[in-house]
Structure formats: structure tokens, C-alpha cells
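Below: a set of structures, written as C-alpha cells.
One chain, chain A, appears in both complexes that follow, with chain B as partner in the first and chain C in the second.
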Partner chain A sequence: MDASFFDELWMARSALASGLFCTIGVSAAAITAGSLLGLLIGVSLAEGPKPLKLACRIYVDVLRGTPVLVLVLAAFYLPAVFRLNLDALTSGILALTLFCGAHVGEIVRGALQSIPPGQIEAGRSIGLTYPKILVYVLLPQALRSILPTWINTGVELVKASTLLSVIGVGDFLLKVQEIIGRTFMSLDFYVLAGCFYLAVNFAVERLGKAVERRLAH
Partner chain B sequence: MRTAALALGVFAFGLGAAGSAKAEGKLQEVLKRGKLIVGTGSTNPPWEFKDASGNLVGYDIDIARLIAKGLFNDPSKVEFVVQASDARIPNITTDKVDITCQAMTVTAQRAQQVAFTIPYYREGVGLLEPKNSKYADYAALKAAGSKVTISVLQNVYAEQMVHQALPEAKVDQYDSFDLIYQAVNSGRADAAATDMSALRWYLKQNPGKYTDAGYGWNPQTYSCAVKQGDADWLQYVNTALREAMTGVDFEDYKKSFETWFGETPPEPKIGFPSEMR
Partner chain C sequence: MGYSINFSVVWGSFDKLLSGLSLGLGLAAAAVLMGMIIGLIGGFASVSQIKAARTIAALYVTVLRNLPILVIVLIAYFALPDLGIRLDKYTSFILSLGFYAGAYLTEVFRAGLLSVPKGVIEAGRAIGLTRLQTSVWVVAPIMLRNALPALGSTMISLFKDTSIAAVIAVPELTFQARKINTESFRVVESWSVASALYIATCFLLAAGLRQLERRFPKF
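And then the complex of A and B:
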């Protein structure tokens, strides 16, 4: 890396900042919405009535078995068949949310089912309704085993967000590619991109670890 | 990216039929909307890329503005939709964009899925040499035979493509554009083989450092593309493009051509129309 790299870096600072903001924003939105969706899916998979269970199972298996790129393309092009023209950003967040929801759903189901059924029965025997059992008995315990894999899903999602550049979302990677297009400094800027993604994912992981420690007590 | 292309191809094919019911033509739709929606890229100079201040610029961008100027008498009434090159065809067939101008090579296969406009550029491959090279031009490179090394962007056909012009040359393939130029700078390659448009752009970016060896081959035609089945829209775009290249908008067109390719296009002749010859 030479001096001209830092010149170009300085010149591109606002483009890179907007790309980073986009990547973080898209990932945060998808993780938040996807985790809420996943919580509902997971509870339904573990304890829901049969038809709901079946519907959730199909959703989870289809979404987990599909490459994220295909999900992204489907979210962008399929609604257009019904004359519903989603913009690239909306379709991108939708695809990542559905992807995240399926993964978190399975994580939550696994965690809930690992808790001995005796606890639900005990809760019921002291007169708790199911929602209350869920909130006071099951979820606090499940959370501990959910967290590590959930963080993993978050990290995967940040990386998957780079696929949105295919449909034209101005994420960090696309911004980097635009700078390379102008400056021909591909090696320098791809290394930079690698460092940024590493930093973001390291931050996500540290955050997760901190929450894990707090929950351990 | 092959998976992407494949998936997109399937989408494009499936959706082509679905989105065809339309009450009125695209031309009226665009005029009513008050802006033209153009699909293009952002990473491919000199065709479409972001300049240092972050604006989308390039030859395709100027072409799109010329089409908008014809529609609204205002070249700024364009909304650019940034898309990967794999998305060019699906975005047309699903009406995400009115037109795509993105250095699109005309092929008979693609012409079955979209309607191509009249061509606005002839792409080819050329050879970029350092100014002080011991091989003065293409003839010298060819005469040197296997002593010459050519750097080229990695591609399945790269070796074969270079050998069309220099049958005996050694071919070094690199991963990215900066590396093929780097190989020339460091003397590891005697010349770089790259698209004529990219070569001209690089020459213009680095005045006095390189020369064009003066031979072009591997011809390809570039056109914009629109959805099939709307003759009025295609006819409008064709008229706008033709009049830019040979008629009333030639001054705008010439300025753009000089900016991006460092060359002046031939002045249109007055008198008998050239397209009738």
C-alpha cells in the first residue's frame, strides 16, 4: 500500500461510510426482524398445534435449504409477477429476514425442546398459563443455549448481506467495488473490505459474548 | 456468479410471459411518469462508474441522458437503477427498468429474451504497451513470436483470444484489471490485452505513459436493451440514439465520446443519409 492508496481512501471516505452504514443497517434490521420471526417460529415448532407446526416446518426447511443468493433474487423478482414492485433495499431486507427467521426458528426450537418437559408440567400444576410458562420458565433457560448459535447466525447474516449488491443495494462491498472500478487498486481495497467485515463481525461476537456472560449468572 | 446467472436466467424466462399484459405503451407510461428509469452498473469505467465525488458517470450514463433529453427536453430526468450485469435481462423482463444501457454485448441468444436497440459502440480487444517498449507496434509484437508475454484478465477464453492476434505469444492471466496493468508496468508482460474501451480510458487516465499497439480484434456490438413486444418504445429509443450519433444531438454525443474514449467520432455527412447507402 502506497501513499496514493491513502489519498484514494480519503477521497472515498463518504462513499465507504455510506456503504458501511448500509451494511450495518440492513444487517441490524434483518437480524432484529428475523429474530422476532424466528422466536415465533421456534415456539410454534416446539409447542404449536399440528397444522401450524407443519407450516413452520415447511417454511424452515425450504428457507434453510435455499442458497441466500436465490432468496435475494426471489425476493426481488417474484413479487414483480404480481405487479408488486419492491425496491432493491426492501427486497434485500425481506430476503435476509426470512433467512434469519428460519435459522433462529430452528435454534429456538432446539433450545426449548432441550428443557425437560417436567418443567412445563410443574408450571401448569401451579396454575401458570402457557404464555407465562414460556416467559418465566422456558425462555430464560433456553436463552443460554440460544445465544452462541444466534450470534453465529448474526455473523453469517452480515456476510450474506454482501449478496445484496447483485440487485443493486449499495452495501459496503459494492462501494468498495465502485472505488476499485475507478482506481484499479483492487488488492488494496479488497484487503480493506476484508478488514471492515472482520471488524464488524468481531464487534458482533464481542457483544454476544458480553451478553452471554451477563446471562450466565 | 455462474449460479447467479443461471438463477437469473430461470427467473427471466419464467417471468417474461407473466408481465406482459399492459394497457398502454411504455412510451406513454414513461412520459406520464416524468422520468426515465435506466438499469445500469456502477463498477465498469468508462461505461458506468462512480467518479471521485460519488456521481454516476460514463458513456452509458450519457447515452441514457440523451434518451431522457429527447423525452423531457431535460437530460437530468433519469433515475438510474444500479444492477449487476447478471440482472440486466431479468430487470427488463420484469419491468424494473424501462431500458438497460450497460455495455451489453448483442448476441443472438439474448435477442430472444430482450429487444436490442441500434448499436452505439463496437467493442474489440486491443493491446496496451508502455511508451518505451522495445516492440513499436502490433507488427513488432507479432514478429517477436514466443518472446512476447501478454497479460490478460482471467477468462476461459483468454488464451485462445490472445492467440487469435498473437499466435505464439506467452499468455499470463491475472485476476483483476489493476494486475494486468501492473504486469506491464513491472516489465513482466510486454503488453496487456484488454477491451478497446477500457484501453482507451486507461490511456486517457495516464497520458504519455502508454500506447495502443494499433490492432483491434474480437469485435462485439454494444446496444441498449428494452422489453420485447413494444414497437413504439423501441422505435423511440432507436430514433433518439440515431439522431444523437448522426443528427441534431451530435454535439452532445461527440462531447461524450471524446470524454470517455479520448477520440473524436466521425462527423455525420450532410446530404444523402449514410444509413441509406
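And then the complex of A and C:
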């Protein structure tokens, strides 16, 4: 690493910043939407009527059995067939959201099923409706076992967001590749990309651990 | 103009998809083998009494697990030549996935080692086995059995990660599906068949692992 690396880095600062915002924005959007979707899926898997349960099971198994790159490419190429014009960014976020929803769905199902059924009965007997039982009785307890794996999913999602560079979304990795295309400094800039993802994911992990400790008390 | 489903192009190049699938399985097998060797060393290091070994293992796990596999692959294939290390795309991919697998498997084996009851280790020592003999003949088999479910799901997710090799033009399943897609515009067919092949393989792997778990009862 020499002086010219820092020159190039300084020159590329705005491109890198926009890539950074893109990666963080895409990840945050997919985690938020995917977690909400996963919550619905998880509740349906644990308590839903048979046909809904079956539909959710197929969704979860298909999405979890397919590599994320295949999902990203399919989300990029498929919508046009159905006359939907999605840009690369939208289809990328869509793929990551569906992927996240399947994983969170399994996590939520597992957590809900680990709560003794007596609690649902107790809730019913004091006159609570199912949504109320869910919000006041089940989810607060499930949250504790959901949190560690949910944070792992978050880290996996930030990592998976690099795959959007393959379909041309201007995330951090694509910006780095563009800079390498211009400067031929592959080692320096790929290591920079590695450090960036390491820092972001390490921060997510630490933040998660802190929240977990807070909840344990 | 509506899109009409027509699988004939995809069936016509089905052999390419299958060869892509078997290449992916081969890449995954090589990476898992390498990852298991690293993982065993890392697992024992992370529960050892030597603080330096524990620190190195923890550092390795943290760094590799928090890096996207795509970035690791790109570094191995495009950046290492800057240091004078030139690897072909297959070698660099197997090494990348192998080191990545090693980090996950270190964690899997660490948990497996912690699940081995202390009394078993003491019993091994009491009948006169050395520390190394106890590790190899007593602790390792129990640990491997207890780690089997986690080992299985890690293997399946590593198999799915072989799709990343398409980015450096390794002709595995995703690469072949993308090629069919761009050559024939059979969008729905190419991606659904590729996806079905991945799902079926993951399903078979999972079923095989369940059989293995049943064969060896949990300690």
C-alpha cells in the first residue's frame, strides 16, 4: 500500500460513500421488510389453518433451498416476463426480503412452538383474543430466543447484499470493483472492501449482543 | 406478446445443468473436507488451555464469518495475483470456500467439544490413555456425533454457496442456468429448473444426514 492508494481513495470518496449508503440502505430495507414478512410466516406456520400452513411451508422450503445468488438473478430476470418493470435495485431488495422472510419465519416458528401451550390456554381462559395473546403473552417471551439467531440473519443479509453487485446495483462492492477497473489496484481495494464488511458486521454483532444482555435482565 | 412456457430448450441442455450440479457438489465436497480439517484444529484450539490458541481461533472465526463469501472469492482470484500468488479459478474458489467453511466448522466443533461430558475424558485418562489418545479415540467420536446436526446444516449451506463460483466463471449450476437464460430467453424455465435442482439436492443431503443421525444414536 503506497501513497497512490490514498490518492485514489480520496478521489473515489464520493463513489465509496454512495456505495456505503446503498449497502446499508438495501440491508436495512430487506431486514425490516423481511422480518415483518417472517413474523407473519412464522405465526402462520405455528398456529395457522392447514392450507395456510402448507403454503407457508412450501414458501419457506423453496426459498431456503435455493442459493441467494439464484434468487437475486431470478428476481432480476423474472418480473419482466410478467410485464413488471422492476429496476435492479428493486428486484435485488425483493430477493433479499423474500430470503430474509423465509429464514425469520423458521426462527419465529421455532420460538413460538417452544412456548408451553398451557400459556395460550391460560390466555384464552382470561378472555384474550388470539392476536392479544400473541402480542402480550407469546411474542415477548419468544423475542428472547429469536434475538440471537435474528442477529445472525442480519449479518448474513449484509453479506448477501454483496450479490446485488452481480446484477449491477451500485452497492459498496460494485463501487470498489469500478475503482479497481480504473486503477488496477485490486489487492488494496478488495482488502478495503473486506475491512468495510468486517466492520459493519462486527458492529451489528456487538449491537445485538448488547441488546441481548439488556433483555436478559 | 404473452410468454408461453416451453421447457424444450432447458431439457435440451439438461446434461449441462447436471454437469454443473455435479461440479458444484465436487467443489462443496472439497471445501467441506478442507473446512473440517481446519475446523477440527480450530475447535480443539478454541477449547484449549493455551490462551494464544484460543485468541487466534476466535480471531479467525470472527474475521471469516463476517466477510461476505463473494468478497473472499474475489480477493483470492483477483487480488492475490498482486502478491505474486496466481491460482486458477477452481483452486482459488475451493480455497476461499474451504477457509470460509473452516470458520463455521470451528464454531460447530467447539460447541460439539463443549458437549462432551467431563467424566468421559476423566475415564479415558483413568484407563491410562494419554491426553492425545483421549482426544482422538474418546472425545472426537462423541463430539462428531453431537455436532452432526449442525455439521449437516453447515454442509448444505456451503453447497448453496458454490453458486457464487459462477461470478468467476466456474461452470457450475448457476452459471449454466444463467447461460441458458441469456442464450434462449427461457427465463422462467431456466431459473425454475435450476432452483428445483438445488432444492432437490439440499433435500436429499438433509435426508441422508437424518439417516446418519439415526444410525448413530446421540451420546
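The criterion applied here is as follows: the second predicted complex is superposed on the first by the 217 of 217 C-alpha atoms of A that agree within 3 Å, B and C clash if a C-alpha of one lies under 4 Å from a C-alpha of the other, contacts with A are read in each partner's own complex, and residues count from 1 in each chain.
One rule holds in what follows: a residue touches a chain if its C-beta (ideal position, glycine included) is under 8 Å from a C-beta of that chain, and two chains touch if they have at least 3 such contacts.
Remember, it's a predicted structure, so these values are computed and weren't measured experimentally.
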Requested in this report: Kindly classify A:Gly170 by the partners it touches after superposition: chain B alone (first), chain C alone (second), both, or neither?
Outcome: first
Report task. Determine, under the contact definition given at the top, whether A:Ala160 touches first (chain B), second (chain C), both, or neither. Result -> second
Query raised in the report: Once the shared chain is lined up, is A:Leu73 touching chain B (first), chain C (second), both, or neither of them?
Result: both
Query raised in the report: Touch check for A:Met11: first (chain B), second (chain C), both, or neither?
Result: first
Query raised in the report: Is A:Asp61 touching the first partner chain B, the second partner chain C, both, or neither of them?
Result: second
Report task. Kindly classify A:Val135 by the partners it touches after superposition: chain B alone (first), chain C alone (second), both, or neither? Result -> neither
**Report entry** Contacts of A:Ala210 with chain B and chain C, given as first, second, both or neither
**Finding:** neither
Requested in this report: Look at A:Ala122 in the shared chain and tell me whether it touches chain B only, chain C only, both, or neither; answer first, second, both or neither.
Outcome: neither
Report task. Mind working out whether A:Phe202 is in touch with chain B, chain C, both or neither, as first, second, both or neither? Result -> second
Query - Set intersection of chain A contacts, chain C complex versus chain B complex - result: 67, 69-70, 73-74, 77-78, 80-81, 165-166, 177, 180, 185-187
Query raised in the report: Of all residues in chain C, which touch chain A in the complex?
Result: 3, 62-63, 65-72, 74-75, 78-83, 160-164, 166-167, 174, 177-178, 181, 187-188, 191, 194-195, 198-199, 202-203
Query raised in the report: So in the complex, which bits of chain A are touching chain C?
Result: 61-62, 64-70, 73-74, 77-78, 80-82, 155, 158-163, 165-166, 173, 177, 180, 185-187, 190-191, 193-194, 197-198, 201-202, 205
Query raised in the report: Quick one: in the complex, what on chain A touches chain B?
Result: 11-12, 14-15, 67, 69-70, 73-74, 76-78, 80-81, 83, 85, 88, 165-168, 170, 174, 177-182, 184-187
Query raised in the report: Taking the complex as given, what residues does chain B use to touch chain A?
Result: 3-4, 7-8, 11, 15, 18-19, 42-45, 49-52, 54, 81-84, 86-87, 90, 94-96, 175-179, 181, 202
